[in-house]
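Got a structure for you, written out below as structure tokens; questions coming shortly.
Naming follows writing order (A, B, C and D), and every chain is counted from residue 1.
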Amino acid sequence: MNYTAATRVLTHVGAMEMLRAAIAKAEEIGQPQCIVIVDAAGDVVAEVRMTGAKFLSRKSALTKALTVASAGTPTTAVPEGVRPAIAAATGGRVTGLPGGLPIRIDGVLMGGIGVGSGTGDQDVAVAEAALRAVGAAI
Amino acid sequence: MNYTAATRVLTHVGAMEMLRAAIAKAEEIGQPQCIVIVDAAGDVVAEVRMTGAKFLSRKSALTKALTVASAGTPTTAVPEGVRPAIAAATGGRVTGLPGGLPIRIDGVLMGGIGVGSGTGDQDVAVAEAALRAVGAAI
Amino acid sequence: MNYTAATRVLTHVGAMEMLRAAIAKAEEIGQPQCIVIVDAAGDVVAEVRMTGAKFLSRKSALTKALTVASAGTPTTAVPEGVRPAIAAATGGRVTGLPGGLPIRIDGVLMGGIGVGSGTGDQDVAVAEAALRAVGAAI
Amino acid sequence: MNYTAATRVLTHVGAMEMLRAAIAKAEEIGQPQCIVIVDAAGDVVAEVRMTGAKFLSRKSALTKALTVASAGTPTTAVPEGVRPAIAAATGGRVTGLPGGLPIRIDGVLMGGIGVGSGTGDQDVAVAEAALRAVGAAI
């Protein structure tokens, strides 16, 4: 391996387009959501808390985004048997709750999106709408 | 949706009246309580720790108040199967313990009250007394 | 004073429009920024970290937003002589750094915007552009 | 010294009477306040955030109450020269900002009251009103 390596990052333009599409989907299904987008290092790029969303869902949406940006797989892929142990060992930063999906574009893991305030199915639908808007893998 | 929206907030006058009624009920049943009232954003408006109450119940009473102010439903409405996962994903801010009730007046969710130190039934009874005192929905 | 009081809140539609205008201004002056918008209780409604912005400016932008949402005046209005003492007494949540402006629409304090990563003048210019986009007072 | 010693504590009845008097004074001078009352161990007995008060003043009011409950003297008695060092060494729990007064009744230090959101003079006036209401030393 060389000393440096090429990569690609999600820009704020991409993140804002994801928020726009996520909000549109949330409005379409009538469920206000908290939506958090983090980069490959787990740092927030953009987020929004829609009017009427549960405020504590900001916390769980961030946790979902962190989980998937780190692992590269949906939150639901965290094996059920180890969820409590992994959550405890990471200071509560890993969750198996549905609504977290990795952002992978052209094969590169660029971060994660976490959505919370609705049912698991609603959260996933909003996250998928955001991924589609920027051509990310579903 | 416009840039701004009308809403109503619980005043400190309402919160103090809730504390008064809650203390009266707690004294009536002979169980000192920790009582915490938060607004719709989860910030404390008023609280009291009655002489003889368990001091750690301040923590659980706050958690109960946060849970219901965020979700708009009693703490006991958090589905049992997901309680540990949601608690972990929110940094311990969601609980299913009885004693947390949303403050909804004239149809507007204005926050939550959390009561702790007694049995679940006692905690709920004190919270309900506080809600009745300001004309909030039970 | 009654138990409840009427007020108005900034919606996510308003907050997203503020982010859009702030990003446009930041691009115009060629300075990537971290932009944080909080409500009247200090909770984040929306935020973005532009590509190329300093990542620690997310922290200072949030602090700026909290300062102004709490006090209702620009960060620079915090008296110089007491800045260290107030910062210490609030756990670092108050700052006198330029780039924080209150969001006041139709006379109602609805929160604050904090901008960081540029010079003080650049931060203020971006915050002002956001306020203008939603008809807030400058 | 014997193995145990008699003492006296501030009850929630005393703390609620202090809040009542403090609110009345704050309304009289037209300045909404955050008011925090802690016991001799620094734990909150009662608090209120009046409608219109700065929300960050909850933090500084608590810090003021902790400072005086621990030291037994007003916050302003903390020597100016050592304020930054003591604040740093206590994790920000000591402040020299005016508005914190010890609660001493019949010569016994029972805790502290911290008031914040107004000018230093306003904060002190509200704290003194609370002390007078329960016959505490000024």
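One rule holds in what follows: a residue touches a chain if its C-beta (ideal position, glycine included) is under 8 Å from a C-beta of that chain, and two chains touch if they have at least 3 such contacts.
If you're wondering where the values come from, they're calculated on a predicted model, not measured in any experiment.
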| item | value |
| --- | --- |
| B-C or C-D - the one linked by more C-beta pairs in contact | B-C |
| For chain A paired with chain D, centre-to-centre distance based on mean C-alpha positions, whole Å | 44 |
| Inter-centroid spacing, chain D versus chain B (mean Cα positions, whole Å) | 25 |
| Separation of mean Cα positions, chain C and chain B [Å, integer] | 30 |
| Residues of chain B whose C-beta touches two or more other chains | 1, 5, 9, 11-13, 41-43 |
| Chain-level touch network, classified as line, ring, star, complete or other | other |
| Touching pairs among all chains present in the structure | A-B, A-C, B-C, B-D, C-D |
| Touching residues (chain side chain A, partner chain B) in the complex | 51, 54-57, 59-60, 63-64, 83-84, 87-88, 92, 95-97 |
| In the complex, chain C residues that touch chain B | 1-14, 17, 39, 41-43, 105-106, 108, 110, 134-135 |
| Residue numbers on chain A that touch chain C, as the complex places them | 9, 11-13, 15-16, 19-20, 23, 32, 43-51, 55, 58 |
| Contacting residues of chain C [partner chain D, same complex] | 1, 5, 41-42, 66-67, 69-72, 82, 84-86, 88-94 |
